[in-house]
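Input: structures, listed below.
Presented sequentially are two complexes of chain A, the first with chain B as partner and the second with chain C.
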Partner chain A sequence: MTPALSTRAPRMAAKARRIWALIRKEGRQVVRDPSSFAIGVVLPLMLILLFGYAMSLDVEHVPIALVIDEPSAQASDVAAGFELSPYFTPHRVASMPQAQALMLAEKVDGIVRLPADFARRAAQGDANVQILVYAVDANRARIIEVYAEAAIAQSAARQAAEGHDDAAGGSAVVESQLWFNSANDSRYYLVPGLIVLIITLIGAFMTSMVVAREWERGTFEALFVTPVRSDEILIGKVTPYFVLGMGGVLLCMVSARFLFNVPIQGSILTLTGVSMLYLLVSVATGLLISSSLKSQFLASQVTLVATFLPALMLSGFIYDLRSVPLAVRLISYVVPARYFVSLLQTLFLAGDVWSVILPNAAFLAVVAVVLLALARLATRKSLG
Partner chain B sequence: MTSPPNGETPRGLQARLLGDLSVTDARPDGGRVRIVRSTETAGAVLDGLTLEPVAASFEDAFMILQQGADATRDAPPVSAMRLERAIGGSKDDVVVVVSGLIKRFGAFVAVDNIDFEVRRGEIFGLLGPNGAGKTTTFRMLCGLLTATAGTLNVAGADLRRSRAQARRKLGYVAQKFSLYGQLTVAENLDFFAAAYGLARTAKRRRIDWAMDEFALRPFADMLGGQLPGGFKQRLAMAAALLHEPDILFLDEATSGADPIARREFWRRITALADQGVTVIVTTHFMAEAEYCDRIAILDSGRILAQGPPSDIRALGVTPAKVDPTMDDAFIAVVEQARAAAPTREAA
Partner chain C sequence: MWDAVRRVVALIRKELLAVLKDGRTRYMLMLQPVLQCLIFGYAATLDVSNVPYAAFDRDRSEASSALLAKLDGSGAFHRIVNLTEVAQMKRLIDTQQVLLVVQIPPDFQRKLSQGEDAVVQVIADGRNSSTAGTALGYVGSAVDSFNADWRSDHGLAPPPVQLSPRAWYNPNLDTRWNLIPALIGTITMMSTLMLAALSVAREREEGTFDQLLVAPYSPTEIMVGKAIPAMLIGVVQATNALLVAQFWFHIPFAGSFVTLYIGLILFLLAAVGIGLFVSSIAATMQQGMLFAFVIMMPFSLLSGLTTPINSMPPVIQDFTLINPLRYAIDLSHKVYLEGAGLDRLWPDLWPMAIIAAATLSAAAWMFRYRIE
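So, the complex of A and B:
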């Protein structure tokens, strides 16, 4: 019985009806299942608020103790420099022991001490200043140290310019410039990072749960005895979560632009395009994991470890991958989120730099195709 | 207790008797029909039957009490359902052919070289203890599992090659409720109708049919997961019949159901079979084997005996038991086979 050509159109129509029914069914389930709703809608909103308002990796208003052993015009100038800086909140204390007590009580994160001979040596051009930093958090300590040095250097430069210092000629004026994040605001890279997390959450985590649930409840079995084919099931599963994920991306972009005033230098179109690619990768990962494991609990655990944690830690979103050990860096090359973070950072902060966008996007596209093919195979294989 | 007249099957007689208000309950029992009469004056259905009084059983008492308590049952319980489409073909057509079927899971042989055939309109029962290979066989017949070796032909389609074609012709009701708990009854039916590729008007018509035949209309907007057990089972069966299959597969469909729901279920099955639908069931209620035209007893992946219920019962005849029940026969058959091949036990 070879089907004649004329039966082709009705067959395609039946296929379309089946796919549409699968999509509608999935959509209804998302809306009615509280846990899907929580992961798909509530959690992204919470993440946006958390990342946008509560979380910041910036060093600002650092409390420091300022010890001036002998008051002088030069010392007052340095103190004023700290007081006016947005990075510091200085507390004047009378003596070093007092300052140390404050530090031990964790009231201040650093001590800046201008010794008794500060004014005299400053006039000679070799002033020395003691900086002590509370260094339990090494990263933060280094930033505080650099900021403190900069504050002192600025005041020295100011004095030199005002002609207080004739003897020490040629003192260099450091002028630093920050590229691609000129405001040096951590939100500028935290908010794009959010998009990675939300896509991973909706794409992989949610999809892995819903497919495994169908296995657990036996509903896939009821589906498999119908003429529904595995590619139709796949399309029916991918579509709703793809739409939901794109909704999350849109929400992120809108809040990035209008709520947090993060600039988007690249084109929205390119941004949407690469987000779709990564979303496809995530959904396919979720499908593959749950088709292979068939248990909601296992699938959610594996997805968390295989997608969410790497997206958070190995993507270069929080930790710069150039400063991690070689082994970790090598592992990060297989994390799709890494490529997406490169794309996002470029598109948000630099612009449409095609030499960066094309290779990264191509990698994501290849991974998406491979994973979808594997997911289809896993769905079909588990039938037999 | 009565015997069916010549040419009538016990379940045919049962169906006829249940339609009458003077009969509280009737069920096939050992090739005959067990009747519980109500207080109403006997109608014409009992004419020509030789009645033989027997001791009341616990189930008989339950049926009487239940009927008294359940006001909705004044009318004859369930109308025998009507199919919209006549199933083509003759009763002599062989619609399911299983031969040399083997399924291995690693070193474990779940189904070990079994053969059977089922004809159109037959009710065929697969009986066996847990782990006998019933469900595995069943899943292979429905195309949910691939056979390791052997031939599987369902409704003219070779399951190893054209699964999709076979699927269009079969309906499947799983052991546990496997419809969507978060969709309403109407949405579930709508979804499965579309999954079978039914287009708008056909879909509407078939859903209406299912709602009426299975009395689901009052529950149309209830979520599948919130339905009482008996209604879940009805919904599952309704969904499996939406595409008017030639063959219906029912896996342990009555486990967990009360006697009334079981009676109702079998009445529907009987009606379907009478209209040409082939029905294959697995069950471990031996009494339900009486509804089948033919049964096969499975243990350790092999068929130990197959034939009409009366033939199977005859295998249980011993000097001590001249009139064995299906239970007795089943135990005798399984014990004989296990004694003959004690090494298989360990496997």
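So, the complex of A and C:
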């Protein structure tokens, strides 16, 4: 046995012991502090329930006012079209002013009006139907418009078919398939997407605040004079939050699968692996921000703007990146959350598509290594 | 009385100095609303525009090219590839290169000419089902428009019914018009709530709370002195967001600024009340900040900012009644887009006043309770 080896082994053991002691100390602190319980357990649960039960981007049973100025067979047919549609809950209203009052009071989201000469002009082939939508929520308004058009077009087609049989001629019909989400349920992407929010919150937000607090109070410098090395302190600080973050991921996976019946098509192992990668990226970001700013309030605000907001807005979690302007799409390429969301959506809904998984995971790994190195540099530099 | 005012003014000055003495924090507080407005304004669209699709035209006829031209011309789609075999379809969708594949069968034109219905098959990537749904809606409109053209070109009767849609308060259906005014309240709530939550916790952590207690201040004066600085910063942030809305995004302001600011001040009172209450229970700054965040999360998700309140389950809708942000967003929409006056805003104003009164008195009670 060479002397070098004989001294290295006990040194490694001492290092491991020191790190373990730090982890235990930090872990106890995390467990005892009610605020880490709030953010590690209460917040993930709350997000899961809110996204799973309260928030829905699916448009259905939209209340609308239906104004029929003069009853006729054709008008009743259009009305029946709206009543049968799962997207609308029509309310018959006697006059236009009444309907407008309902819309101003936000009791209905739209008005469909069949004018007095509807039946006569429908026979001539130039009837006009007015659709008014309350468009303050533009997205909802557009979907309502599209569905209303479809409901009216269908009843028009029915009338045409009954009226002139073969003379009506053929038309192109759309037959659509929704791959990976045949249930057309917005929970299918909202609940898996939550994992990105929870990891960002615990990994980046929590870590940056905890570490900034140590700097603010000067306890970091105090630790530096002990035999503990700076990277050991960082590992000790961060490990409990890493565990907390993985707990959040597990919570999301279990509730997605069993509470909301979201399928997990890919392998759990890959899912766990890429989640760890993204958690590492988040933790490293939090460390870097806090070690460079050294102020709790500032670190928390910067972390929110630099990690949480992009994870919510620029990751493709809710808002599809294929529709945003080019400049925003270019910015989104430097947002790590974007790669993770792509991984999540694919692993949950499509399966182990390696041509998606490998490049995205590789990117996350590179970012994690770079950020961790930078965070270490920032910590060391501040010592001098 | 005059003495009390002087004392409170001194406390406000001290409080503003404590927050704003750090130049980086000053920049952060001023820039944050602008950054958030820009990120949200450009990224938060649920509409589809220019999304990539693939066409698999197995007919290669006049009719099929006319249909694809309709899709290309809709502005919603942009064709990146013409497929030649079925096998390519799966790979393109799996790797998220295209959102849609439109497949036109070989007998498309023949069937139409014979007066039969012809099927256009559309496959959409449902990993984000709402984008996919919106995109399918656009395909439907493009096909309707193709049908109308086809019929008029071939001497058939046009579809008997035309539609004239009109959108109130947002004629071009621009998502930004909805979002940016709503952000005025959301952004300011975030900061004022956090600042208020930190204000007392900071004194506790730095050990200056005891000094404050022995100073000649009544608990109410301390509260006022802590509330006003956070509100002042909130008003400045709201103004920044408003400036971005008007001068960057050019969203026309239909109402009166006085009305908007009256509503905002009432809202900020409610937000500060919640923040001070959090502050009175938090032992450290970290706790204050995290509690504030945990409260802020459901408030912002259940405010109508991202998803409409009336499509939430009834229990949750009842919960939103205690959410001041819900009223603030409704109020800023009504003033900003609809030009509503105070008379129409009453249903938003009184709940915020009640929330402010309740949280502020709860916070005051907690202070007194903790002091004694």
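By our rule, the second predicted complex is superposed on the first by the 317 of 384 C-alpha atoms of A that agree within 3 Å, B and C clash if a C-alpha of one lies under 4 Å from a C-alpha of the other, contacts with A are read in each partner's own complex, and residues count from 1 in each chain.
Everything below uses one rule, namely that a residue touches a chain if its C-beta (ideal position, glycine included) is under 8 Å from a C-beta of that chain, and two chains touch if they have at least 3 such contacts.
The shown structure was predicted, so the numbers you read here are calculated from the model rather than taken from an experiment.
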So if we stack both complexes on chain A, do chain B and chain C clash, or do they fit?
-> fit
Of the two partners chain B and chain C, indicate the one touching more residues belonging to chain A.
-> C
Is A:Arg120 contacted by the first partner chain B, the second partner chain C, both or neither?
-> neither
Which of the two partners, first being chain B and second being chain C, lies in contact with A:Arg8: first, second, both, or neither?
-> neither
State whether A:Asp33 touches chain B only (first), chain C only (second), both chains, or neither.
-> both
Inter-chain angle, chain B to chain C through the CA centre of chain A, in degrees rounded to a multiple of 10 | 90
Regarding the shared-chain residue A:Val210, is it in contact with chain B (first), chain C (second), both, or neither?
-> second
Of the two partner chains, chain B (first) and chain C (second), which one does A:Val328 touch, if any: first, second, both, or neither?
-> second
Which partner does A:Arg92 reach: the first (chain B), the second (chain C), both, or neither?
-> neither
Superposition result for chain B with chain C: lowest C-alpha separation, Å, rounded to 11
Can you list the residues of chain A that meet both chain B and chain C?
-> 33
As the complex stands, chain C meets chain A at residues 22, 24-25, 28-29, 32, 35-36, 39-40, 42-52, 67, 91, 93-96, 99, 108, 111-112, 114-134, 136-141, 143-144, 146-147, 150-151, 154, 156-171, 173-175, 177-178, 194, 198, 282, 284-287, 289-291, 293-294, 297-298, 301-302, 306-308, 310-313, 316, 333, 337-338
Contact residues on chain A for chain C in the complex?
-> 33-36, 38-39, 42-43, 46-47, 50-51, 53-60, 63, 78, 103, 106, 122-123, 125-143, 145-150, 152-153, 155-157, 159-160, 164, 166-182, 184-186, 188-189, 205-206, 209-210, 213, 293, 295-298, 300-302, 305, 309-310, 313-314, 316, 318-320, 322-325, 327-328, 332, 342, 345-346, 349-350, 353, 355-356
Residue numbers on chain B that touch chain A, as the complex places them | 142-146, 164, 167-168, 170-172, 174, 176-183, 187, 190-192, 194-199, 223, 236, 239, 243, 249
Within their complex, state which residues of chain A touch chain B.
-> 13-15, 17-18, 20-22, 24-25, 28-29, 32-33, 217-219, 221-229, 383-384
